[in-house]
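Shared chain: chain A. Partners: chain B in the first complex, chain C in the second.
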Partner chain A sequence: MTDEITTNQTLFDRFQGQRDSNPLFYYSLILGILSLLAGLIFGMVNRIASQAFFYDIAIILLAMSIIGYTMTEHFQSLIKPGVDWFTKQYQQWKILILIAIFLIILLISYGLALITPINFLSQSYLAIILAGDLIFVSVGLTMIIRVRKFANFAHSELVIVGVYAGITFNEIMGSQGGEWYTMIFVELIVAFMGAGVVGLLSEIFVFGPLTRRNATPLSLMVASIGLGMIIRQSIQEYHGAVPRTFSPVFPNFFDNLTNIPVLNIFFQEITLLKLPGGVNLSLNRTDLWGFLIMILTIATLQYIFTNTTIGISMRATADDPELAQITGINTQRVIYFTWFISSGVTGMGALFLFKSAQIQPGSGFIQLLLIFAVVILGGFDSFKGTVVSGFIISFTMTGAIIFNSKMGERQKESELIDKMVFWSTSGDWKLVIAFAIIIVVLIFRPRGIFGLVDPKSKL
Partner chain B sequence: MTTDDNELKEIKKRDMKEDLTPIEKYRSTILALLFGVPVISLFLYPVFFENAGTGYFIDTFSFLFIYAAISLTLNLEIGYLGLPNFGKVAFIMVGAYTYAIVENTGWTVLGLPIWIMGLIMAGIMTGLAGVVLTLPTLRLREDYFAIVTIVGGEILRLIFNNETSLGGFSGFPVSNVIYQQREVGEKLGGVNFELEPFIFAIIIGIVSLLVFQYYQKKYAEVFEQNSTIIKYSLQKAITVSIILGIVAIYMNFTQAMFSSSIILDIFAIGFPLLLTLLKSMDEFLNGLSVNHVWMTYGGSYALVLLSFIIGLINGRGVSDISVVSWYFMLVTAILMLIIYVILQEIYYSPFGRTMRAIREDDTSAMAIGKSVFEFRLKGLVVSNFLTGIIGAIFGWLLTNVTPQTFLPQVTFLLYIMVIIGGTGNNKGVIFGAIVVQLLIQTTRRLTNLDLYYPYTDRPIHPINLALILTGVVLIVFLIYAPEGIFPEQRKHNDRYYEMLNLHRTDAEELKSNPVLNFLVKASGTSIDELTKEELYE
Partner chain C sequence: MVEQVIETKDLNSGYGKLQILFDIDIELNKGELVTIIGPNGSGKSTLIKTIIGLVPAWSGTVMINQNINITGMKPYEIVTSGIPINYVPQVANVFPTLSVEENLKLGALPRDNDPESMIQEDLDRMFGIFPVLQERIDQKAALLSGGEKQMLALARALMSNPEIILLDEPSAALAPILADQIFEKILELKKLGLSIILVEQRATRALKISDRGYVLVSGQVAISGAAKMLIDNEKVGELYLGKR
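Entry: the complex of A and B
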């Protein structure tokens, strides 16, 4: 049985181990019905602004496609050796089918974008980029939770350490801007090393001693809050609370490469795609590089986890530390390695998460609950879940922004609706929606989409 | 005495840890001094060396008492129930906002004053909010529960921030009831420390102590149990001090003896009021704990001492204290004391005992038919009801309730207070709250000192250093002393030792006896705890 599955399962699937049943089906069914209802209500309220009705169809279609995807996942979990032709075919062509579904969504949404006032395509682009950044900073937390089994609230400070490592490095080198060491590829290494070392030190001085004294996950969590405060205030003491920007700088030779036909989107600062129907989509090379590096990093992590000794020891330590120690694994070293890698990756992601934002030592903390939303929705200890839920959270947030602007339009048209609807359009609701997901998930399905660990069981 | 009794005494002696080294015995005192003395001297620094106005004292103390009261209710959740409610700040916010909304709409029933209506509504709404936010999540494991509560609190804050009909970004104005009662702007000009009330307080203390000792000797011949003797002699002492306190109030009202001094007000109102309260509670509950009495004595003498210090500072000619802020500080202090007494009462009640049993081992509690869910829910409702009322009074202090005041960091600070002070120990929690809050308020004040690091032009920010220090102290405590400065008092229960006739076995063996453990837990208590009523019955 295992052979059959491993042939086609992704690496992350193997990492998951066996599952009794696939929860995705029920989950997506609820999600689909909910978004269907939302779409209908949206459509009904929308009678005043009739054009936007089409956007509602888009939402419903998106939800349906998620249902479709997860339905097939559900079938896949039912596969046993020697089952029917259809499921085997699906297993073989799984990735192609997924790409096809994605393309169909893209085409439909593009078609809708032609007739709806909102530029759906560019909103989707922004959502995808945001999802990439979120996944980049969240994947480290997933690793830590998997190996160390507690919720690290200092993770947001590792994010901010990544950015401030770059700033400090530039200050120490006396940068005037434009030197070789200010290039993004050098800064990524600096951010990796800075955040990695901080993560390693936190294990050596805080979490290690606590675990050796049999601390509960809760007191580890409280300790991580204290640690986060120490890191945040130390940065503030050194750099001050003045807002700064730290946007990635690209090498000059990129300008010579802008003539390459398709790949020039990676080298031009901004590419403006003029699509038929008057739809414009502007691509930023920083976004694209961030997404690319995120994919490369996660692929590397996959490779490390599945094909190297240290990765296998890591998984063994995560499953049962004592048993791993008996089989001769130096679990202490494995834990240190995990901290270094996961914190380093988080630091790298921070450079892209804050690429166009004003940063302060406290701005990492604002991202903390968002990162937790991604990790909880995906299942506390699942990489695959983190990737999927990164997209879900980011699209939901974008949906909230669009909904907000649409409600704003409608409230301008009708004072009655303004009084009736509990939704002040001047506010920023995207975080409310994202946080509401955490609560809903933890109440109805605490192990998340892909998680293995039941929160009522022993971690 | 038989040999059995001697053996039992020895076992008890060993269990009660009577043969400790001095350092172990005075550990709490040493640690408290280690933390308290630097913080208090730092707090006094601007007054004695910068000639700062004393208004800063009063505000600091008001904040201090309110934070101490909130961390006491938080202790009910973590310390008694073992539920890590990380959304504490949201409940404070609900209380403050409910009060603000009631006040701004002027809604009231039965002709109640609006502020009383506001306080009641704040309590009820916060209790309900506790039910709504925690009901679906109570069955979750500790750390998941923590995340749900922190996120729920943040959602509430964002909704208040976004929704313009709920105040939006700028929030609601709140008027301080204490300020309404007295004329604003009235200053305490030229009020110096007066010796008479202080001497009077000392006289009352000495007289009641003498009465106590007299009756202790007298009752020693009548009663056998030491606890009974203490109980009855304390009652006599309290009665005497109440009579003297009423005399003091009368003299203050008629101004026969003293001028109208605020210091006397503290003494004359606060002290007998609390004693009367306790006396009535005593009769009502038919039981009086030594803790209450010591707390009342300690609390009222602390207030007198505080007035002594402030009178001393005031005497230096820098007075910018308004009468109303004085009274407000008084209200917060009495609020804290009342909440302390309520929580102490809960701690030793059967309800509190069951809560602690659930904290220790919820499975055993469930096994003997205690509804874990129900007790957790009840505990949270009580805690949140109190939090709502404190939140409303916190709103008085803020004068403008905005969402930016109620960031999750406030909850984290409250946790640090509880953990440093001692989880489960109310006295320790008050100490922790006072130390941490004093440190933060003081360093915030010290920011305008313009200090620089040596050989650089980098400025020192004392508030940052204080927060770093707090974080370090928290982690050190979590690693080396998770029970805090004042550990929770755990005493052994004689009744079970004797009832089960197991006292002749070794104490260690006894504690590891599964049958005994189960029976002890089955009675709704824990083996390490002594039912307080035993002591006084």
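Entry: the complex of A and C
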């Protein structure tokens, strides 16, 4: 690896060198850039539909090239000293460091909000919430990649199953709205079970049998694309393609708790904080609960991983299934457990990712690249990495929105939420910028932020 | 009276359609250290993998303690059903992302009936045999040196309280001085009363500490007998011990 640094290759030479060793990266990047240019040209001559088409193609190709890039030989990381320093500090101070980072971000954005016409504080809040939602739906994929060693493209369908499980459950129960079982805490269990069972079945009927027939990670990945289509179409058969909405409902007694100081932000629907200097921040209880439940879920998973036999068995199975068997671990059962838990958590996260938004059976697939971006940047199989990259991507996208929106024009919060959670078909630069950042990070740190997996192997 | 702890009869096995082992009959007696030597590709590793169930046997039987038939059982079924046997693979024999302590505790997984205090006692016993592991207790196994990894692998297998242990080239990829240390540990284990099957490339070195040996050639037992006899045997010497 060190040879690569010392030789005087230009970036272009190094890129050319990838043509034979890593055609996926090479060709998808070239085609991706060409599509991007095509999109730009069509945009200039006002052919909006063609522009949208080429941008979408470009995004997919660029995402593929990122996956390709992680397979290539790379030079040593330039940001390694910084990461090492941070890791050392983090090991010493743990949670305090994280809280400090949050406070610093909020303080900086408050400062920016004071001196610019844009409400950066509010944007940071939205970015943190979006990061939480993204992390919530991404950790499951991280677990599956770690234990099963393939990229499950049907993961986006687990997301959508989570939401539709909630909707279906309400229909079956004949809900008119507001009954006890429509409460978010009940729906979370429903979404967990729904997505968990679908994930479990996909291992039992698709991925398990394929693996026993010696399927490679690549064929498992292709199978998962097919499985995703089947799940998506099945939902569409049952529910139709008409957009549906899932709105989280909170218990009525929450309204009686709005007098509690500070904590009342969790109980009243919207809290408007008027800060000195004319900066407003409105907090939504659904957002906050989503973030809180995400933290609790990750903490629980972390506890399971480090302190319980099943959790340590999961890590052991991920490390080396054969050795795990010899050690006395029923690896089959561990894999089933992993599918159930990881899919279930994904389903729970989906309720918050799609809170009060219109969704269709295909909505999940649109989120897939974003989820993959989080997982890839996080290093494929690391919890910590997924969390950190969730924040990086969310903040990058939010930054891109601010960059994209006309400076000096304050936009309505609701419009911004729309823009953030759903990609309008195209023309939106936030994803291009987000993915560009990922490419740059991966150039310097090919294993992602906390990656364990050797990018040359697996996937 | 000689008590056989492992006995294989007409064992055939292989990978896919490729047969590796042909009618293998070997036995291991209680308290014995038996070495299996042979050229590369002769099926040494496959033999112990077949015994432990990692490679399915095509035909033949594997008997433990003369009355337990483990043919066709999966490895985790064998270790969790209280059959006192364990296996240390050649490479990838520790869980790299788990700490030393977690590796050892997983080793005790088959003993879910034993109280925590007993397992803790055994943990301390392991640290007695392998002091280096105690110094590294919280470290991830991936960060251990080659020799330390082998020690951890041995200790992990021992944590299941086995009476029989199968070792696949524990000295592979180790510097001679480290290999010597491992051989010393193996001898120590034999003195503790364990019955051991050892697969080795360093044939002379291994035979010196063994009671008996088998020479495997092309998946068949070519020569077998007392270790001393094998070392002195000219044919074995010429072919596998590098003597001229």
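Keep this in mind: the second predicted complex is superposed on the first by the 321 of 459 C-alpha atoms of A that agree within 3 Å, B and C clash if a C-alpha of one lies under 4 Å from a C-alpha of the other, contacts with A are read in each partner's own complex, and residues count from 1 in each chain.
One rule holds for everything that comes next: contacts are C-beta pairs under 8 Å (C-beta built on N, C-alpha and C of every residue); 3 or more make two chains touch, one makes a residue touch a chain.
What you see is a predicted model, and the numbers here were worked out from it, not measured in a lab.
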Which of chain B and chain C A:150 touches, first, second, both or neither: first
Contacts of A:323 with chain B and chain C, given as first, second, both or neither: second
Partner chain(s) touched by A:135 [first = chain B, second = chain C, both, neither]: neither
Partner chain in contact with A:127 - chain B first, chain C second, else both or neither: neither
A:215 touches, of chain B and chain C: first, second, both or neither? first
Which superposed partner A:234 touches (first chain B, second chain C, both, neither): first
First (chain B), second (chain C), both or neither touched by A:369: first
Contacts of A:206 with chain B and chain C, given as first, second, both or neither: first
Partner, of chain C and chain B, that touches more residues belonging to chain A: B
Chain B partner contacts - residues on chain A that touch it in the complex: 150-151, 206, 209-210, 213, 215-219, 221-223, 225-230, 233-234, 236-238, 365, 369, 372-373, 376, 422-424, 426-429, 431-432, 435-436, 438-439, 442-443, 446, 455-456
Contact set on chain B toward chain A in their complex: 84, 136-137, 139-144, 146-148, 150-152, 154-155, 158-159, 161-165, 168, 409, 412, 415-416, 419, 458, 460-461, 464-465, 467-468, 470-472, 474-475, 478-479, 482
Chain A to chain C touching residues, read off their complex: 309, 312-313, 315-316, 318-320, 322-331, 452
Residues on chain C engaged by chain A in the complex (per definition of touch): 52, 54, 74-76, 79-80, 86-87, 89, 92-98, 102, 105-107, 109-110, 156, 160
